[in-house]
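Look for chain A in each of the two complexes below; its partner is chain B in the first and chain C in the second.
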Partner chain A sequence: MKRTDWALLLLIGVIAALPLFGGAYALRLGTIACMYAILALSWNVVGGWAGYPSFATAAFFGFGAYATGVLLGKGLPLALAIAATLVASLLLAGLFGAMLLRLRGHYFAIASLSLVEALRELVNNATDLTGGGMGLNIPLAAGSGILADAAFFFYAMWGLLLATALTMIAVSMSKLGFGLACIRQNETAADMVGLNSTLYKSIAFGLSACFVSAAGGLYAAWVHYIDPSDVFDILYSVKPIVMALMGGLGSGLGVVCGALLYLALEEVVWRNYIQIHSGVLGVLIVMLLLFLPHGLISLRWRMFWRKAAHV
Partner chain B sequence: MSEILRLEAVSRNFSGLKALSGVTLGIDKGEVLGLIGPNGAGKTTLVNTICGVTPANSGRVIFAGNDITAIKPYRAARLGLARTFQIVQPFAEFTALDNVAAAALFSQPGVSVRSAREEARAHLAFVGLDAQAAQPAGTLTLAMRKRLELAKALAMKPKLLFLDEVNAGLNSAEVERATKLIHQLAADGITIVMIEHLMKVVLNVCTRIVVLHNGQLIADGAPREVIQNPAVVEAYLGQQYAKRSAGHG
Partner chain C sequence: MLAAQVLINALVLGCLYACIAIGFSLVWGVLNVINLIHGSFIVLGAYLAFALYQTLSIPPWYALVVAAPLFFVFGYLLQRLLLNRVISAPVLVTLTLTFGLDLILNNSMIYFFKADYRKLTLNPPIGSVSLFDVVVPVDRLIATASALALTGLLYLVLRRLRVGRAIVAVRLDRDAAILMGVDVKSIYAIAFGLGAALAGCAGVLMALIFPISPLTSTTFLGKAFVVCVLGGLGSVSGALAGGLLLALVEGIGSATIGPSYATVLSFALLIVFLIARPQGLLGRKGFE
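Up next, the complex of A and B:
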């Protein structure tokens, strides 16, 4: 394992201590932080390692939310519903990946975006199963007081984040990670050395979807009510990309830092500029990308020292 | 000698343009075959068609007894068909070592990343790039990147190796060095097909020459015979070259 991998695990460990410092608000923020980190880490597999700009995150988030919601409605326990969602999403995304990842560049981006719309419309129209546009009520799972509930979902999301991070670290050290890096750099050459790029890309797409879906499932159980325009919101596709770019494309530690920074900006800006918060947030993100194009991970202490030496 | 590759009336069109028409060719194990012809004759297309990048529209390609006409490039690679690219195709961010390791890792079943890297070191040493092992491939000189291509191809443990203009853009010292490497590979018993414009290298290295012109084979035989062939002189070599080499011969 590399030093940044240890740093990533340390960072996730620090997040776990969050409930010690605050009440329901800290727990809510912590849960969202873990969820964002899962989304960013997952997107990084396809977008950062394989170099395919995917906009499909919202599709799998929504799929996970509805799959878990429907399964909980049928009386399944939460853990089982989440596990089933994760496996279903892995297989489904692998299948979609095998089809979509034949496209490259902009074409792939648009195709992955259409996946969100297609799944949203499916859910909208399968009224019997999903409630359609009316949304879906999800039975209370833990149900032992507000604070206990909040703590439960925080730790559930945190556990999922840890599982995601460990999986991603394992992948980055494996033959799969090596192959994805080859595909990003030169897919023609990758084919020519005997790499089955379609298979590798499909696995990557599956891996990038399954934890997102599980997070969507936890989200659904947490908020008790979902509707298509909420969980298939295209912002779930865009945010992880922004986080990954802010944190540092391809680096696990980087994208998680990016997710935390994004959430912090989102909260602060939303509180202080409630009228124009999207605008201010957008400007801040553009500035960050302009002045730190390789993300937070490219920051070095040296950058500050050097300036000091000149003074 | 037994035949390793057989092309039967292979044709390939690119929307109306006949890049290859009815190419029939057999290659024996251990041969060093020179594939020459003017620019746009279809030499690279022929390699692409054999390797599955642009599959044949008609005809058959048989490699070691298997029909590989419609094979996918990655499967061709695993069967032992390796190639270098005329325009080098490195994994630019990877170190030279990882470039070669990638070839060792994905072309053979059951190789770990660690053992692929160890194997790669030997191939880098063979082409004389051991000092550059830790350098990103994008920062190597053209001559080094050409040799890196060769090391990548060798890491695939090829049965049949296509060298697509490995000497183009190299100076004469570098050409000499590359020629020496090719001689060594041929001595190790690898069947080689080389696309080459430098006739000196072709005559020096090849045991047989085929000439491609407008997608058709116009000559096939021993090097000295082929360069005297009037059709070849007309299409490719030119009268002056023929006179000069006749004077020397």
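Up next, the complex of A and C:
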């Protein structure tokens, strides 16, 4: 394991101590922080390592939310519903990946974007199963107080984050991670030396989807009400990309730091400029891409007092 | 008679779809940038038409003359000052940059114009024509004719004018164009400006038919995506073919299996096309 991997685990450990410091608000913020970190880490597998500009995060977030919501409505316990969602989305995404990942560049970006639209419309129209545009109510867990409930979901989300991080670290050290890096650098050459790139990419797509779906499922159970325009929001696809760009593409520690920073900014902007929050987010994205294209992880103390000789 | 009505509706709508998509396709083909601001440009054009009609009672078909140069300058400057800085960066960066710009433009429209749906209603109304049992509103006919005229105009610009030939040359082979003395930077900016002008004009025409709200920008953008992929990138005839095909599929889909599934159908068609025929109906394989 690299030093940054240890740092990542340490950071996640620090997040777990959050409930000691605050009440329900800190718990809510912590849960969202863990969720964002899961989304960013997952996107990083396809976007950062394999270099495919995926906009499918929202599709799997929504899929997970609805799958868990429907299963909970049928009376399954939460743990079982989440596990079923995870496995189902792993298979589904692997299947989609095998089809869509034959496309490259812009075409893949658009195909993954339209996956979100197609799934949202399907959910919108399957009124019998999902409630359609009216949304889906998810039964409350019986008998626990508000604070206990919040703490429970915080630790559930945190556990999922830990599982995601450990999986990603394992992948980065394995042959799969190496293969994905090869695909990013030169896919044709990777094919030539006998790497089964379609299989690798499909596995990566599946891995990037399953934790997102599980996070979506936990989110659904946490907020008790979901509707298609909420969980299939295209912003769920874009936010992880912004986080990864903020923190530094391809680095686990970087994207988690990016997720935390993004959440902090979002919270400040939401609280102070509710009417123009998406505009402020847009300004942030533009500034980031123009002035810090390699993310926070590329910042060095040196840069503050001496200009680099060449960039 | 239902079939004839569906067919005529598809024809009318298809030309408008082509007009929406054509600027998007130009920017994608020439600059290799997926321009996510396109939808918001269209909505801004619609607001311009609305404002001109409300305050100065200039009808939308004259508003085109005002919209085109304004949007051209806007697009030209946007490309020169912002997009040009990252034009050689990977797909992800340019895509995310235009997404950020779209957020800014869309949010400022919501802030200044409010999210309420507005409708430009012509006073007095100009009615509709009917031939046998097929009814077509006249405002739709005007919008369609203008859309066709704009499409034809772009075709002529690309075919006849020096700058048009330069745009096509950059699209075919950037490096060879540089060697032939084409100033690629300014061609990029001009192509982006043209894309913006076409979006603005499309928006003016949309104002005649559809309600106006900043929230509709993603719908327009989605249509542009699908049309581009169906028809093929960067060619005028491709956009026209894609627009007509999409309108036909949506029309027939709504008439047979119900309007709520029309969008699913169009996106399913998009994915099928992306996988089976990524160069589109009329696109040529080989050059991107």
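Observations on the structure shown:
By our rule, the second predicted complex is superposed on the first by the 298 of 311 C-alpha atoms of A that agree within 3 Å, B and C clash if a C-alpha of one lies under 4 Å from a C-alpha of the other, contacts with A are read in each partner's own complex, and residues count from 1 in each chain.
Just so it is clear, contacts are C-beta pairs under 8 Å (C-beta built on N, C-alpha and C of every residue); 3 or more make two chains touch, one makes a residue touch a chain.
Given the structure is predicted, the values throughout are model-derived calculations rather than measurements.
By the touch criterion defined above, A:Leu103 reaches chain C but does not reach chain B.
Look at A:Tyr25: by the touch rule set out above, it reaches neither chain B nor chain C. Looking at the shared chain after the overlay, A:Gly47 reaches chain C, while chain B stays out of its contact range. By the touch criterion defined above, A:Trp6 reaches neither chain B nor chain C. When the shared chain is aligned, chain C comes close enough to touch A:Val242, but chain B does not.
Number of chain A residues touched is higher for C, counting chain B against chain C. Of the two partner chains placed by superposition, A:Tyr273 touches none, neither chain B nor chain C.
Only residues 173-175, 178-179, 181-182, 185-186, 188-197 of chain A touch chain B when the two sit together in their complex.
Remark: chain C residues 28, 32, 34, 82, 85-86, 89-93, 95-97, 99-108, 111, 218, 222, 225-226, 229, 260-261, 263-264, 267-268, 270-271, 274-275, 278 touch chain A in the complex. Chain B makes touch with chain A in their complex at residues 51, 53, 72-75, 77-78, 83, 85, 89-94, 98, 101-103, 105-108, 112-113, 152, 156. Across the interface of their complex, chain C is touched by residues 47, 51, 53, 99-100, 102-103, 105-107, 109-111, 113-115, 117-118, 121-122, 124-125, 234, 238, 241-242, 245, 275-279, 281-286, 289-290, 293 of chain A.
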